[in-house]
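Note that chain A is present in both complexes that follow, paired respectively with chain B and with chain C.
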Partner chain A sequence: MKLDFVHKQSAHCECGVTSNLINHQFKDSGQTISEALTFGMGEGLFFGYLPFIRVNKLPLTTFRCPVGKIFKQVTSGLGISVKWEKFRSVDKAMAALDRELEKGHPVGCRTGGYWLPYFPPSLRFHFNMHNLVVVGKEGDNYLISDPVFPTMVECPAKDLAIARFAKGALAPKGSMYRITKVPETLDLEPAIRRGIKRAANAMVKNPVPFLGARGIGFLANRLERWPRKFDSGHTQLLLGQHIRMQEEIGTGGGGFRFMYSAFLQEAATILGDKRLMSVSTLLTESGDTWRRFAVKAARNCKGRATDDDSFEAMAETLRTCSKIETDAFRELLDIVS
Partner chain B sequence: MIEDLEKELLDAIVKICDIREMIPEEISVDSDLIGLDSPLGLDSLDAVEIVVMIQDVYGVRVQGQDQGREIIRSLKTLADFIRTHSPAPLQT
Partner chain C sequence: MKKKDVPQDPGIIDDYGYELCYAVDNKGEYDLVPSIGWEPKNIANDQAWDVIDRDVSKALEGVRNGRLSPVAYYMAKHQMDVGLLAQYTGFYQWQVRRHLNPRVFRKLKEKALMTYAALFEVSINALKSIPESTGPTSR
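So, the complex of A and B:
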C-alpha cells in the first residue's frame, strides 16, 4: 500500500516534513507552502550561546529555534490541528503507525537518523530529532518520504523501529504525528506577520545577554579571551565545537540565514511589501559573514591560520554578524508592527 | 575518467586544505570527499573551506544543512551541483 503523497526534497528535515504534510492536505486546492515559508512562519531563526549547557563537555551554540518548534508554530499559526503520540512499547508504536497508514494518513515520525539504513554511512551521525514521513508499506518495508533525499526511500520495519526508539539525548520514544484537521484555505498573511514579529522579538528584544543578536556579540567577547584563558589545545576544541554546530558539514548557521532570506523574499510578495526584500539582502549578507567566520576558525583548528584569521579578526567578524542581524530584525519589527 | 571540472576542484581542494600527503593517482570522482573513507583525509572543518571556496570561485551557494551533506559527498556530486547552479558558463 502506498499513499498518493507528493515527495519534495528540502534542505532541512523539519521544514521539509512540515511543508510536505501541509501540502498533502491542500493538494486538491492547489495551495502550497515552500520550505522557506515554513521556516519563517515557524520562527526558525535564532541565536544562542549557552556555555552552561555542555555537548561533549563543550559549550552549546544554537543558530535556530528548538527542534520541534517550527512544526508546532506553523500548524498553530495556520489553524491546523495535529495529533501527537509517544509510546513506551515498540510493538504498540509500529502497530499504531500501521493503523494510521491503513486509514490513508501520512504519518510524521521522529527518528534517530543514524539508524536509518538508507543514509550513506559517511553521512550518518547521532541526531535523535530527524523527521520523516511514512507514506506506505510494502511487505516488510516502509515507504518513506525523507525530505533530505531526492526521491522516496524504503526502510525495513526492524530498522525503522530501532530508529524510532533510538537511545540517548532527546530520544524520540516512538514519537509520531499527523494532521487531523485543516481550515478551508491557508491564510498565510497573519501567520507570516506573527512569525516575523516573534522571531524579531527573540532576536532583538531578548533580555538575556547571550541570546539573540546581542548573544552573537557576547560570543565575540568570550572568543577573544579564549587564547588568554585556555591552552591552545582547549581553544582549538572550543573553536572546532563551534564550527561543527554552526556549519555541520558546511551549511548550518549560515544556511539558516540564507533560508530566512528566501522566506523574506516570498513574504515580500505575499504581503506586498518591498521593504522585506532589502532586509532579505541583509540576511544573505549575514549568512555569508557567518561562513567567513567559520573559515577563519577552521583554519585555526587546522593549523593553517594566516594573519587575517586571528582571534581579534574572528571576534570582529562575529560583531559584524551581530550588527547586521540587529539592523535586520529591528527593521522587521518596524515593518510588521 | 576524471573530468576537467572535477580535476580543477581536486586541485583547489588540495591547495586550500593544505593536503601534504600523497594523493592516490587513480582517485575516483565517486569516492567520499569528507569523512573516515575520504582518500584525501578531509573532515567537516575542511568542508567549511570547500563550501566557501565554491561560492567565491563558481558563485554557487550551498544553502541547506542536510542537502549540503549530499552536495559535498564526492567530487562528482560537488561538480554536478556547480554545473547545474553556476550563474556563469563554466570554463572547464
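So, the complex of A and C:
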C-alpha cells in the first residue's frame, strides 16, 4: 500500500517534512509552502555555543532551534491541528504507525540516523534529530519520504523500529505526528511576522552570553584560546566538529544562513516589504563569511594552515558574522514590530 | 553563495544522490541547487571516522591480547560507549562494564549473549570469536 504523497527533496529534514506534510493536506486547493518559508515561520534560525553539552565528547554548536520546534511553530502559527504520540513499547509504536497508514494518513516520525540502512555509510553516526514521513508499506518494507534524499526510499520494518527507538541524547522514543485538521486557507502573513519576530528576539535580545548573535562572539573568544589550552590534535577535533555542525547535510549551506535569506526573499514578496530584501542580502553575506570560516578551519584540520588561517584570523571571521547578524536581526525587529 | 560557486566535491554522498544548497543567481534571487559535497565537509567527516577507526583498532588490540571481551570491539565498531550500549541492551552500565571483561564474558548466559548478538546483528558464534580484522568501519 502506498499513499499518494508528493515527495519533494529539501535541504533540511524537519523543514522538508513540515512543508511536504502541509502541502499534502492542501494538494487539492493548490496552495503550497516552500521549505524556506517553513524554516522562517518556524523560527528556525538560531545560534548557540554549548560547551557543556557534549556530542561525541566534543562541545555542541547549534545553528538552529531545538528539534521539533519548527514543526510545532509552523502548525500552531497557521492554525493546523496536529496529533503527537510517543511510545514506550516498540510493538505498539509500529502498530500505531500501521493503523495510521491504513487510514490513509502520511505520518511524520522522528528517528535516529545511525540505523537507517539507506543512509550513505559515511553519514551513519548516532544523532537523534532526523525526521521523515512514512507514506506506505509493502510487505515488510516501509516506503519513506525522507526529504534529504532525491527520491523516496524503502526501509525494512526492523530497521525503522530501532531507528524510531534510537537511544542516547534526545532519544525520539517512537515520536510520531500527523496533521489532523487544517484551516480553509493558509494565512501566511501573521505566521511570517511572528516567526521573524521570535527568531530576531532569540538572536539579539538573548540575555545568555553564549546564545544568539552575541554567542558567535563568545565562540570567537573561546576559539582564540584553544591553541593555548589544548594540544593540536584536540583543537583539530574541535574545529572538525564545528564544521560538521555548520555544514553537514541539512543546513542548505552556511549554517542555515542561506536558507533564512531565501525565506526573507519570499517573505518580502508576501508582506510586500522591500526592506526584507536588503536584510536578506546581509544574511547571505553572513552565510558566505561562515563558509569562509569553515574553509579556514578545514585547512587547520588538515595541517595546511597559512597565515590567513591563524586562530586570530578565524576569530575575526566569526566576529564579522556576529556583527552582521546583530545588525540584520535588529533591523528585522524594527521591520516587524 | 552564488550558484556558480556551489561546490561539487565528491566524497561523502557518492552514489546516494545529492544534497540541496541554497544559492543566489545573477539577479540575487535564491534557488535550490544540487551539490554532491564540499571539501571542508569531507575533511571534517574523514576526521570523525579516523577517531572511530582508532577506537576500533584499540578495542581489537585489547580483545586480541585478552584484556577485553569481543563486546568491546563491537561497541567501538557501533560508535557506542558503555552508557549508550547499556541503554540499547537494557543492562545496567556496571553490567556492561563487567561484560567487557573476557573472564566474565566467557561465562555469560545464552540470553545475555543473544541480546548483544541481536543488537550487533551477528551470530552468537561470531560474537564469541575474535573478530578478523578491523577493515574500514562503515566507510
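We take it that the second predicted complex is superposed on the first by the 330 of 337 C-alpha atoms of A that agree within 3 Å, B and C clash if a C-alpha of one lies under 4 Å from a C-alpha of the other, contacts with A are read in each partner's own complex, and residues count from 1 in each chain.
In the analysis below, contacts are C-beta pairs under 8 Å (C-beta built on N, C-alpha and C of every residue); 3 or more make two chains touch, one makes a residue touch a chain.
All values derive from a computational prediction rather than experimental measurement.
A.B. asks: Is this a clash or a fit when chain B and chain C both end up on chain A?
C.D. replies: After superposition on chain A, which the two structures share, chain B runs into chain C.
A.B. asks: Just checking: does A:R244 make contact with chain B only, chain C only, both, or neither of them? Give me first, second, both or neither.
C.D. replies: Both partners, chain B and chain C.
A.B. asks: Output check: A:R292 vs chain B and chain C. Expected answer is one of first, second, both, neither. What do you get?
C.D. replies: First partner only, chain B.
A.B. asks: Look at A:K167 in the shared chain and tell me whether it touches chain B only, chain C only, both, or neither; answer first, second, both or neither.
C.D. replies: It touches chain C, and chain B stays clear.
A.B. asks: First (chain B), second (chain C), both or neither: which does A:Q9 touch?
C.D. replies: After superposing on A, A:Q9 lies in contact with both chain B and chain C.
A.B. asks: Counting only touches as set out at the top, which of chain B and chain C does A:G255 meet: first, second, both, neither?
C.D. replies: first
A.B. asks: Quick one: chain B or chain C, who's touching more of chain A?
C.D. replies: Looking at chain A, the partner in contact with more of its residues is C.
A.B. asks: Classify the contacts of A:S337 with the two partner chains as first (chain B alone), second (chain C alone), both, or neither.
C.D. replies: Neither: A:S337 stays clear of chain B and chain C.
A.B. asks: Check the residue A:H126 against both partner chains and state whether it touches chain B (first), chain C (second), both, or neither.
C.D. replies: After superposing on A, A:H126 lies in contact with chain C but is clear of chain B.
A.B. asks: Going by the contact rule set out at the top, does A:T281 touch chain B (first), chain C (second), both, or neither?
C.D. replies: It touches chain C, and chain B stays clear.
A.B. asks: Return the residues of chain A at which the contacts from chain B and from chain C coincide.
C.D. replies: Correct list for chain A: 9-11, 120-123, 148-149, 240, 243-244, 247-249, 252, 258-259, 262, 288, 291, 294-295, 298, 301-302.
A.B. asks: Quick check: in the complex, which residue numbers of chain A touch chain B?
C.D. replies: Per the stated touch rule, the residues are 9-13, 120-123, 147-149, 240, 243-244, 247-252, 255-256, 258-259, 262, 288, 291-292, 294-295, 298-299, 301-302, 304.
A.B. asks: Given the complex with chain A, which residues does chain C contribute to the contact?
C.D. replies: These residues of chain C touch chain A: 1, 6, 11-14, 16-24, 28-30, 32, 34-35, 38-41, 43-45, 47-49, 51, 78-80, 84, 87-88, 138-139.
A.B. asks: Over in the complex, which chain A residues touch chain C? Could you list them?
C.D. replies: By the definition above, chain A touches chain C via 9-11, 36, 56, 114, 118-126, 148-151, 167-168, 171, 236-237, 239-241, 243-244, 247-249, 252-254, 258-259, 261-262, 265, 280-281, 284, 287-288, 291, 294-295, 297-298, 301-302.
A.B. asks: Please name which positions on chain B make contact with chain A in the complex.
C.D. replies: Touching chain A: residues 17-18, 32, 34-38, 44-52, 55, 61-70, 72-73 of chain B.
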